[in-house]
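Structures for review follow.
Below, chain A partners chain B and then partners chain C, in two separate complexes.
This part shows the complex of A and B:
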């Protein structure tokens, strides 16, 4: 269970996050929506310990996240994918996933160097998990390709796969649909919906493609200028007048309702 | 033609020495992104320590060598863990300038501690050249070549096939993301400084019997080591080994057929030519910058 209380973050005079409360139950897909610059990625960067908020608290289960350093967050079961994809370009897809498994039951340096049974068993488990992720995302055929050779959409999938390989309890996905053709959004949404059951992890999803979010998430929080403006089921949030204002500017909401869902509301 | 190949073989011994020095440079560069200009001075201190262990402590050569390697790793680990860590968020250029400062500082300190006069340490293997398939080669050169190939292969296997190697490759690709994936990057970077210093220490120990051991001994080797690393692609371990042998053989051929005075000049002419044809070196991969 993730809980943010009164989190505020500003850069100079610009408020990126404004007194945000956010809860995410275990076992569900939640989503943060909002136009570009609404503060969505900043929220992930706070949870990830990239940004230090000026006030507020971030709690995950019993852990005070703000006391951790960024490389420790993953040990508490929180892992993420990146908006711009941060794969290890020179490594193969499979090796990228294996790096994700590195922190699980780490044998000592010497144990590993001399390949003692413990290290070998670990290697097998890591490989098995990476294989499962490849299959789940249907990218097994890319396993030997170097990450830098892949088109952006595939790299997004590998990035998501690496985050899954870390065995997370909470998976943060930063715009997983960006760079993917619209035709694939529905199948991506279906994959994301399966994550809580298949991988025993909850998901916090960010996207400005409303279509993807509505299809993948069961709980949606809408942000504008760093503040929460609406929260609820996808349908509730979609029809909230403040959300429509934030997306399309203050206009006649009823008129825009149909067009908005079709256009996918690219922010 | 027989002479030609004899000169080729004669260059392999020094080639192995350049390879070790280049391996040390490349290993540190791969994980930390820093070109360690102080590597030669650090390696010389390792060798001077070996000299003290032999002459003051009276240790046998093999034991002194092992102990010198341990000290090399401590020096390398200290340099990163204490000196470089403080400025790891500064621009890479700043970090490189610090290693330049270290080069001068360490050479000066070594002169104060050990004196400036050349000292001698024995070769690992002595003995007259032996005849291998009608070519003459000294046992010591054979030892150097074997050690270079063996260590090079070992490093390759560790880097490509073990989890430690995978973690180091991940750090080389993107240190920040590697840390985010739970890899203890500081530990690995310090480890690579330790190992890199041991590798260049081996180069200094092997070259000292030929050049005479004094604080600035490695300055002349450093240029060839940089050349070897660049030819190999500055980032590839195999490239460093192959580059070391290529530079060793090329300089021996230049010395034999042209002039010893032109060795450096022609070596760098060859490097310029290599870089024109393959800007990333023989084994380099195209650099991908993350800005």
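This part shows the complex of A and C:
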């Protein structure tokens, strides 16, 4: 169970996150929506300790996340993908996944050099996990391709896969559908919906595609200018006047009521 | 964060991928190189200058691969790699002189370990220092080490240097050029096996991950600073071993054995051979040793010729020598009138 309390983050004069409370229960897919610059990515960057908030607390189960250094966050089961995709470009897809799996045990350099039993066990386990992710995301055909060669949509999938090979309890996905043709959004939503059951992980999903969010998430939080403006089931949030205002502007919100789902609430 | 990802993107553009031949052809090439390396002294063993040059190529090979670990595989930089060789060389000389009857494997490990300690210390600031700053730090290191050797006379005999006895196991010593060649070859091969083993493991993946994206590496639980320090330590270890080999080859270590220009030549050879290619680095080493041998009488021309070679080569083979077999294969296919296979399979049509 993830809990943010009164988190605020600003860059100079810009308030990226404004006194935010956010809860995510285990075993569900939750979504974070909001226009460009609303502060969604900043929330992920706070959770995995890339950004230091000026105030507030972040708790995951019994762990005070703000006491950790960023590379330690994953030890407590929190993994993430990147909005702009940060793959290891010169490595193959399979090696990218292995790096994710490598955090299960970190054999030392000499253990690896002499290929001691511990190193071999690690290798077997890591490969097994990577295989499972390839299969789950249906990207086995990409395994030997260099990450830099892939088109953006497939890079996004690999990025998500790498986060999954860490065997997380909480998966943070930053716009996984970006760069993917609309036709594939539904199958992506289906994959994301399966994650709580198949991988025993909860998901915090950020996306501009309202269709994807509606289909994948059971709980939605909407942000605007760093603050939470609505929270609830996808339908509740979609019809919340403040959300409609934030997305479409107050004047034409009334007539646009029906059109908004179609417009995808694109920012 | 944006700063991080920007620098990662820049590095990504620099480290162009090495395109490889099919496994079978590569194996064939490796076997051929191995046979040439093993039988070489049978043909040239009587010419001690040729044997010296060949052994120098092996020593440089290890030095340049150690630098490529840092630059090509790890995305870091060192303009002072010769400083590591100096430490390894002096450590070898001191061990051989002061510990009588020391078996050569222990001496080599000792020289590597002593250098690794220095590499560890030099690596400590890399958590904060990047790019140009790291270049300046390592450059300073490479310049400082010969100066220290010059002035610490009680240990190093100053400008006179230390005479290095030939390698020995038990009561057998190996003083001839051919024996020195095989000694260096055996040590080089053992080091290469170790390096390949590291690179293929989770440690090697961590090096590459830090090179390609520090942010993503961190998110995957890699301690970026610790990984860089480990990389510097590892690179220094192998450079120190190269220094040990060099000490035995020259029979002498002195402050003049490790000029700053040597560090730059190593760096040029890494680029010439191809970033993140062990085989390319070995090829670069052969070229460096041959240029050095050919220009030794007309001193001063070495940097010019090496610099010219780098420029020419990079014009025609921007990915370094390591790309040559692939390009040759493609040219051969074209010449035979077949359509060359694309290096990158065409991406699927649906791609945005």
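Methods note: the second predicted complex is superposed on the first by the 264 of 267 C-alpha atoms of A that agree within 3 Å, B and C clash if a C-alpha of one lies under 4 Å from a C-alpha of the other, contacts with A are read in each partner's own complex, and residues count from 1 in each chain.
In this section, a residue touches a chain if its C-beta (ideal position, glycine included) is under 8 Å from a C-beta of that chain, and two chains touch if they have at least 3 such contacts.
Computed from a predicted structure; not experimentally measured.
Q: Taking chain A as the common reference, can chain B and chain C both be placed on it without clashing, or not? Answer clash or fit.
A: On the superposed model, which is not a single observed complex, chain B and chain C clash.
Q: In the superposed arrangement, does A:95 touch chain B (first), chain C (second), both or neither?
A: both
Q: Looking at the overlay, does A:194 come into contact with chain B only (first), chain C only (second), both, or neither?
A: A:194 sits against neither chain B nor chain C.
Q: A:233 in the overlay: touching chain B, chain C, both, or neither? Say first, second, both or neither.
A: The answer is neither, since A:233 touches no partner chain.
Q: Considering only the touch criterion stated at the top, classify A:140 as touching first (chain B), second (chain C), both, or neither.
A: Neither partner.
Q: Looking at A:45 after the superposition, I want to know if it touches chain B, chain C, both of them or none. Which is it: first, second, both, neither?
A: second
Q: Comparing chain B against chain C, which has contacts with more of the residues in chain A?
A: The partner with more contacted residues on chain A is C.
Q: Just name the clashing stretch of chain C against chain B, choosing from 22-30, 40-48 or 328-336.
A: Residues of chain C that clash with chain B lie in 40-48.
Q: Using the superposition on A, tell me which residues of chain A are in contact with chain B and, in the other complex, with chain C.
A: 48, 70-71, 73-75, 79-80, 82, 86-91, 95, 98-100, 102-103, 109, 112-113, 115, 119, 122-123, 126, 148, 162, 166
Q: Given the complex with chain A, which residues does chain C contribute to the contact?
A: Checking each residue of chain C against chain A gives 1, 5, 8, 12, 15, 17, 194, 197-198, 201-206, 208-209, 211-213, 215-224, 230, 234, 276, 344-345, 347-348, 350-352.
Q: Applying the document's contact rule, which stretches of chain A touch chain C when the two form their complex?
A: 45, 48, 50-51, 70-75, 79-80, 82, 84, 86-91, 95, 98-100, 102-103, 106-109, 112-115, 119, 122-123, 126, 145-146, 148-154, 162-163, 166, 179-181
Q: Could you pull out which chain B residues touch chain A in their complex?
A: That would be residues 158, 162-164, 166-167, 169-170, 172-174, 176-185, 191, 285, 288 of chain B.
Q: For the complex, which residues does chain A have touching chain B?
A: For chain A paired with chain B, touching residues are 48, 70-71, 73-75, 79-80, 82, 86-91, 95, 98-100, 102-103, 109, 112-113, 115, 119, 122-123, 126, 148, 162, 166.
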